[in-house]
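Below is one structure; the comments refer to it alone.
When the chains are written out, they are named A, B and C in that same order, and each has its own residue count from 1.
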């Protein structure tokens, strides 16, 4: 009986829905942070036996990183880049909701088809895959560089939950290496956002389109 | 020695960030590269003499890893010499952009050199990883550490390229992480971990469907990084906008690292009896990459992008070779080596061409032979080598793939392969010939160009080596390649 | 006595329903720092309206006169199928939840027709909006009922809420919470409350329900007002049944708790109205789509576990 863990899973799905439709940048950052914290707490709630010190410490690191450090980095990047507050999605509200629900259905179907190891917590596999899809949605349907980083983080959350769901016991060293990578990724992307804003006066990636092989007409012979 | 080869670039890289003096930083770069390749050569030597180093549980070199380490290290050796000379000339000349009337500044040299060395450390870690999770982390690290390199010239277009590179590769590699998790899940019931030795030995026990899913995700993930179509979109941008030395490393070393990631998982799949499945996917995306590259090479106007698409083409052919299996794997590895050598040589030369002509547009470069005869000759030789004119390693591996395709009864594939090669050749020939020959337009006030021998020497050397392996494959290289191919096939 | 008890529940519902809008208004007044209308205001209004003579426009036909009566009749019938305090309703059979949904639809249909019958563009606008929002609200409600039927394995309202025990909550708490939230939103929209509609407004740009009944007067208006309070009772009772799975078996305790819960729901409506502003008309469908998403998610979760 993992009633609390299941509640957290449903909350994570609802956060996906919220992320898919929200148009405010600070709300997006908060939602991603909340999702990261929930994902970090999940191993404490889902474990069948008692919580070991290692698990607790690792969960604490995750919660600290996703709940405090990442939002801080992102808010700093947002402020320094002077991004406007709105990040209205390119697709409409109903379409976003439909996409989220559809991805959850697809993920459930996928999860039921694959012979995945049995987990004690219901919906964890579909929820994690749906979160990965939502990350994709954020990356592809928003035009601000910072929302693309948010999308990457949502994907990362999803993958983290997926890892929990499969109970793939990674050695601590590997976990830490992965975590370090994600941290550096957000850090580097934050710097890149700052440079983009300085160089282009905006962080709208829809206008990062100088390099393309599709519109090369009228140059040279 | 494994530890040394891993730690050396890491420590030097961190040191480069704190060193204040340009000259000492450059000699640090050179000496690190020399020491790294010496260590790599020693590792190969010990393996050849039958007493390979055991290594640890996390990092150790098997023949496949050793082979890619050797390529990476050799390439870096050339790149470091080129870079030292390049940084010197960048320091002296103002940063005028290839587009006229547009100036930019460069990133601090400390950041560039430090990132270059850390990039080497990450690539070394990729070749040495014995654990799939660690392999993943190292590949992601290569992305993050090479991003500052692409953004060396601080202007809009390189920034756009950096952003696309960072985001597309990070997202792609995130999918590879999902693949790794599937791989882990496939072994949960059988109690197989994610470290390579137990994955290989326990491969038949793995859950087949999950293993298939794992391969798909890993393939898409590392395939993005490797530049296989349709996930290649970052590659032309990053290669064309970064400094020549970085393009050479990206194309020659980084793509190979991603290839290694795919080969590791496909070896496990082959052991589990899924060779047909993985082979099919490799063939499909190989053909797709060839097709895409051929299409975009035909009308290409930017010679660095042309080289980038040629990299996609070669990655497609290597993927084809890997998909065909058997001798095809040997051909693929030979292809990785010869492509790295010849493409690095070409990219090095492209940097000199850019310096001479100050444009990347093919139609604006004419009669290079008159302005920079040595550069033009190397440029032309590189073109002949990369398109597979005999005798060269490139020709050899293309021929082997063709033969393997025919031998396995896939005549349609062989036909398509030949057809696309002809298109690529035509497209590249048009570009290179119009650049090298032709009447040079009068440009008033143009100063004569002094060809930088120090930058051309590594290019010429690499191209020479690429020809050499086509003429004569030394016995030790042959045995290393065979062992590596056996590794990749999962039979060793 | 045993046969009378279900009827007594129905009777209580019919008598107490007009209390709910009063409770909501009182809560709003409390949050607004006002004294507010008396809780029994609707009873006074109804008594006054019933004594009056209705006025009919010459352009309206019998449809206009029949509208309120049909609407009230449909809602009364729906209420006979509504469980009271976790007990079976007088009218309970397999599939009665479909009947209830259609009865609510019928009531809406009658009101809309009557509004259109006046021939006024103003009322036509309200009718159009009502019909538009119903398109979003009804699927949300239906799907939610479907999910409940999946959880409890029963296809009648009485059966569903009778089977909803503490154990069910322990097993499917997330799903039930989602459904409660969805039902609450549907209730707000169906009963023209903030944030979907404002029951107190008389601005043409914002009205939905109020505008449709502007031409009704006397007993007809009383029917409509009473019908609206019955509808509120219906949804409040469903939500109360959802959140009160414990049946002690003692009739008096159950009834008392249930009534408290229903009044609590009405108070919650008032609290929401005080805390939120009305949504822009264009955003109302988004609210209902969210409710729909909740219901759909609950159903998917239930099917996928």
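Everything below uses one rule, namely that a contact is a pair of C-beta atoms (placed from the backbone, for glycine too) under 8 Å apart; a residue touches a chain by one contact, two chains touch by 3 or more.
Because the structure is a prediction, the values reported are computed rather than measured.
By number of C-beta pairs in contact, chains A-B lead all other pairings. A summary of chain positions shows that the Cα centroid lying nearest the centre of all protein Cα atoms is that of chain A.
A separation of 30 Å divides the Cα centre of subunit A from that of subunit B. The geometric centre of subunit A is 39 Å away from that of subunit C, both derived from CA atoms.
Centre-to-centre, using mean CA coordinates, subunit B is 67 Å away from subunit C. Annotation for subunit A: no residues touch 2 or more other chains. Subunit B meets subunit A in the complex at residues 58, 131, 133-134, 136-137, 140-141, 143-144, 147-148, 151, 154-157, 159-164, 166-167, 170-171, 174, 177-178, 181-182, 184-185, 188-189, 193-194, 207, 209-210, 213, 236-237, 240-241, 296, 299-301, 305, 361-364. Taken in their complex, subunit C has these residues touching subunit A: 170, 173-175, 177-178, 285-286, 289-290, 292-293, 296-297, 300-301, 303-305. Taken in their complex, subunit A has these residues touching subunit B: 113-117, 132, 136, 139, 145, 148, 152, 155-156, 159, 162-163, 166-171, 173-175, 177-178, 180-181, 184-185, 188-189, 192, 195-196, 199-200, 205, 208-211, 213, 216, 219-221. Remark: subunit A residues 1, 3, 6-7, 9-10, 13-14, 17, 21, 93-94, 97, 100-101, 104-105, 108, 111-112, 122-123, 126 touch subunit C in the complex.
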